[in-house]
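For reference, the structures are reproduced in the following blocks.
The same chain A turns up in both complexes below, where it pairs with chain B and then with chain C.
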Partner chain A sequence: MLLFVVFFLYPIISGLFYSFHDWNGVREPTFVGLSNYRWLISSRDFSRAMTNLCVYLLITVPIGIFAALGLALLVDSFTGRWANFFRNAYFLPVVLPAFLAATIWRWIYAPNFGLLNMILGWFGIPAVNFLNDTGTMMYALIAVDVWVSAGFNMVILLAGLKNIPTELYEAARLDGANKWQQIIHITLPMLGPVMFFVVTYSVISAMQVFDKPWLLTGSSFTEYGGRRGALLFPVMDMMGQAFGELKFGLASAYGFILTTAIVAVTAVMYLLGNRKETK
Partner chain B sequence: MAKLNMITGGIASLMAIFACSTAMADDVTLEYWVFSDFAQGDALALQETFIKEFTDKHPGVKIEIVGKGDDDLTAGQVAGAASGNLPDVFMNGIRVGAQLAEAGVLANLYDKWMAMPEEYRAQFDKNEIKNCMPEEGKLYCLPYTGYGSLLFRNLTVLEKAGIDPSKPLTTWDEWLDQMKKVKAAGVNAIPDQSLVFNSIAEMYAISGDASTWSIDWDARKTRIDPKIMAKVLEKFVAMADLNSGTSRNDQATKDLFITNQLAFHTVGPWVDPTYVEAAKNSGLKYDYVLIPGDTAGKHGGIKYYEFVGVAPGKNFDISWEFASFITEKEQMVRWAKLLSRYNSNAAAMNDPEVAALPLVAASVEAVKGAMDVLPPYFVKAVPNCYLSTVVDYTSATADGDYSPEEGAEEMISELNACLAQ
Partner chain C sequence: MTVIRLARRPDVWTVLKWVVAIAVAVIAIFPLWWMVNVVFSLPGEPVSINPRLWPTSVAAGIDKIAMIFAETEYFRAYVVSLIYSILTIFGVLAVSSLAAFEFSLFDFPGKKITIAIVMLSLMVPTAVTIIPTYLLTSELGWLNTMQGLVVPGIASAFGLFMLMQFMRAIPRDMIEAARLDGAGHFEIYWHIALPLSRNAMVTLAILTFMRTWGNYMWPLIVGTRPEMYTVGQVVGLFNAPLSHQTVDVVMTANLLAAVPPLLFFLIFQRKIVEGIAMSGTKG
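Coming up: the complex of A and B.
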């Protein structure tokens, strides 16, 4: 209970308190009512960050889960040493420090001599400026994100797959079901609760996206989000407001809006999940 | 006899306790935060030499040096001010000066400064001291290291494009002409200058100067002149098809330059050690010149400074002594020689051995014609929307979304809206 109050309740309540104040983190906060919220909602960067977040969520979550499920099914089909090898190989990006992962990908995406452009060059495709062309930046980030998150989700889904009784597959095979039918009619329904966790976790993580776009765009507290703000996300803007401008009241308002959005989305997903179970 | 021994022993013990308590009263440990690249290799060794020389003269003073990245320095200093646990002496960039002053991170050094002998005060670059003084009676920093941006040229690429590098580059038109020749030879001319605020400022200085680049805080309006900005944006449109798509700060830009895939790189002198290494190891042929302006004799580029600040508090006096020690000529001469880099101690820059260093000599000239990157300093924190607006409208104009005139108008209107918030 004490831990809950200290590490969960107190930060939320103090964040809410400061969101109604003008506060630079040092001097006494001054009450400003709703003006931080009003400022944020009318701010160009806030609407851009929220739009980017929606696009990112809609693409990265389904792709990430499909990739993780595919990898889990693939690894599940192996046994012994190979299963261990692939499980560890796909999990490696999860344990890689974010700055190292970003450095690797910045090199892969580099224009002119980056690995990806080199491969495109072999096929006569002109070089693409993945991290500075506003048309490709979001997809470049999503690829990195899927690469990192797929391993983690794969391990969770793999644990779910191992819990599905093999008798169900044997019975389906006897009934003449092919592999695809087994996945649709046995694997996916049986993975329901695990999948619910993976989807919820992926959505919550995606809503807090920060380190990957920050590092890929070489951001700092005063300049962040990449070319024309194509990779500007709410947490990045919140960090900029807090440590670049020392507007901790505004950053708290940002944080509170984001927290409310995360809680609302999670609640909706939980309700939908519960309704499905009841049916 | 035993009594005498006891009395003598007692007196000796009391004296020892007294001596010990005096020493303890004098003992002080200063925390000294520096940029992370000043806390490694040769730079760290020299900083430790300065610390040793200072502590030898001040027994009982211990100084702990801590290296931090740019963002960590600012965040740590603000968090320190909030928790009452500030580092005693620290560095930072002049651009965040207003935030730090507002947060109470910086002590007012004015009285201490005025109490110093004239010969000490006369050592510093007067403009830089002025930058540390938002108003009369307030001095928030001692200017320390710095730079004026230079145009690094890959001579192999220039020769490949049929350009004679020995012919002086005097105007923007000549430079643009060379960029076009380089591109025609199949090589990237320049990094994408529209990606970073500082590189846009470098380009603005080609046509304008700091008087039309700064902010009028009383009116909360930008001083950017729409006609000059339109002229600058024309340059970005002209460079759109000539650039490498990488920013001036990207590692990829340095790699392109080193591998003869990039002709020009406008940047500070910190890239020089990398290029010196490449010259030794892979035969890179390069030089550096001043960034040409619109007219002969005018230069582009920016100047920027890192400063030493002192925290208010119980260690203020000894911290000031240390700050004034590390910024004085003798130390700055050694610093300049080690790094072959410009600093804001004008007396050190005039030292014959320092002035003879080619990179220092070029930097001194660059600083003379360069523009302060975001003045006025230590007055008010420039909102992030100001920086992002400049970068966004420059990129959008380079992408063809606006004409240079429209881009300049929209940018200025958005900048004023940002400042009015």
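Coming up: the complex of A and C.
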């Protein structure tokens, strides 16, 4: 119990305290009121990170979930050994640490002899510098992200699919519903609560994305985010402010803004979720 | 007419289904397969335009593994990561199970509030706690120490939540009976609650291992000295744009980092999948 208080409650409260101070970790903190927050909101990196985050969220979450749902339905349609085999194959990327996924893909994206450019070369497409071209960097990250998250969400959705009573499908079949209609009218509504969890969890974890963009770009406290900050995300910027610039007060303020955003998004989703259920 | 349609249509579907299923499996597995191939081929070869579809030289791969252990800090990082993971697993199991035991089977004043606080902390993202936790760790003088790595990770709200769900199902009659037989508080925990929740404990241990082994952010800021580097950090360093490591070295490091979680997955695949599914459907 003490541990929980020390490592959860204390950080939150002291974080709030530091966020109103100017502190480099060595000198005594000095009270600066809201100026950390004011500085942040007007900073260019902050707005870039937030813009990136919005774009990233809007693309990666829907794609990730559609992919996961597709995979879940696909695996569910197999039986026995093959169902197991495909499920495990799709889950494999999840088992690896996130840092590994990023480092492997970094080499696949490599400009000259990277695997992906080689495949593009077969079709006569000129090499693309995926991780250094501001136009492709975001999609390169999203691809890695979906590669990992689809398997994770698939497993949760699969468990949800297994809980749908088969009688419902039989009844629908007797009524003459085809596969597609069955998915729309039975599978999706019945998956509701599980789907809700998957969406919420995906959004919350996507908002804190760190390892992958960090390792796909400069991966040090002084150089991160990639060319023109195309892969700059809030948590990365926060870590950079704290451990690169030693502005702990500013970084704490960063954390609080981000948390507020996360809590707000979660709250909105809960409200939407509840409204749907009462309908 | 209808008979023919019924007989033919599933065929098209089945073929399509298999094609898609296999294609996706290739996408999911190929990057890993590629990594293995880069390691198990002659040095210099991987950089060529030639795609690595099959491993060409097992001996070269073994050489690379031996080289990376002998010539870099990788072996030390491996040991650090293993100790870090094992200590965290034991810590999480001990703390979560004790707390879950108290919370789910006994009433005490302030119980509701403490549960609420713990649940709240479950929702607070790492983003907000990581910097204050770092500052606290540094005030304790725990930077670059094993306890600095391990202890903050032990307070796992997720583990507590999972075990609480599980222990709630233990019938209270059993505990009353044990008490009548003269069993003390700790004996009830040790002889009844723990054995009954063994399944959940194993799942929690495996998930904790995966999480700790793959934790990149926390070791990055706490273990800044080379002696405390974890596998994740070394892989990250090898991989940094200015590190001048060849693809051989990087992929060998990657492969070695992937081995423990992959082994775990092969052995405990059912438990892992169930554990994740459980946290999703009950949570």
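Following the convention adopted for this analysis, the second predicted complex is superposed on the first by the 267 of 279 C-alpha atoms of A that agree within 3 Å, B and C clash if a C-alpha of one lies under 4 Å from a C-alpha of the other, contacts with A are read in each partner's own complex, and residues count from 1 in each chain.
Quick note on the criterion: contacts are C-beta pairs under 8 Å (C-beta built on N, C-alpha and C of every residue); 3 or more make two chains touch, one makes a residue touch a chain.
Keep in mind the model is a prediction, meaning the values are calculated, not measured.
Participant: Taking the superposition on A as described, I'd like to know which of chain B and chain C A:64 touches: first, second, both or neither.
Facilitator: neither
Participant: Given the touch rule stated above, what does A:96 touch, chain B (first), chain C (second), both, or neither?
Facilitator: Second partner only.
Participant: Please determine whether it is chain B or chain C that touches the greater number of chain A residues.
Facilitator: C
Participant: What is the contact status of A:45 with respect to chain B (first) and chain C (second): first, second, both, or neither?
Facilitator: After superposition on chain A, A:45 lies in contact with chain B alone.
Participant: Contacts for A:213 in the overlay, against chain B (first) and chain C (second): which applies, first, second, both or neither?
Facilitator: The answer is neither, since A:213 touches no partner chain.
Participant: In the superposed arrangement, does A:106 touch chain B (first), chain C (second), both or neither?
Facilitator: The answer is both, since A:106 touches chain B and chain C.
Participant: Identify the residues of chain A that lie in both the chain B contact region and the chain C contact region.
Facilitator: Dual-contact residues (chain A): 25, 106, 113, 218, 220, 243.
Participant: Tell me, which parts of chain A touch chain B in their complex?
Facilitator: Chain A reaches chain B through residues 24-27, 39, 43-45, 106, 110-114, 129, 132-134, 218, 220-225, 227-229, 240-241, 243-246.
Participant: Quick one: which bits of chain C touch chain A in the complex? Just the residue numbers, please.
Facilitator: 13, 17, 20-21, 24-25, 27-29, 31-32, 34-35, 47-49, 51, 95, 99, 114, 117-118, 121, 123-136, 138, 151-152, 154-155, 157, 160, 210, 213-217, 221, 232, 235-236, 238-241, 247, 250-251, 254, 257-258, 261-262, 264-265, 269, 272-273, 276-278, 280-281, 283
Participant: Of all residues in chain A, which touch chain C in the complex?
Facilitator: Within the complex, chain A contacts chain C at residues 1, 3-12, 14-15, 18, 25, 71, 74-75, 77-78, 86-93, 95-100, 102-108, 113, 115, 118, 147, 151-152, 155-156, 158-160, 163, 179, 194, 197-198, 201, 204, 207-208, 210-211, 214-215, 218-220, 234-235, 238-239, 242-243, 248, 251-252, 255-256, 258-259, 262-263, 266.
Participant: Chain A touches which residues of chain B in the complex?
Facilitator: Touching chain A: residues 70-71, 74-75, 78-79, 81-82, 95-96, 99, 102-104, 188, 192, 194-197, 244-247, 249-252, 255-256, 259, 261, 381, 383-385, 387-388, 391-392, 395-396, 399, 414, 421 of chain B.
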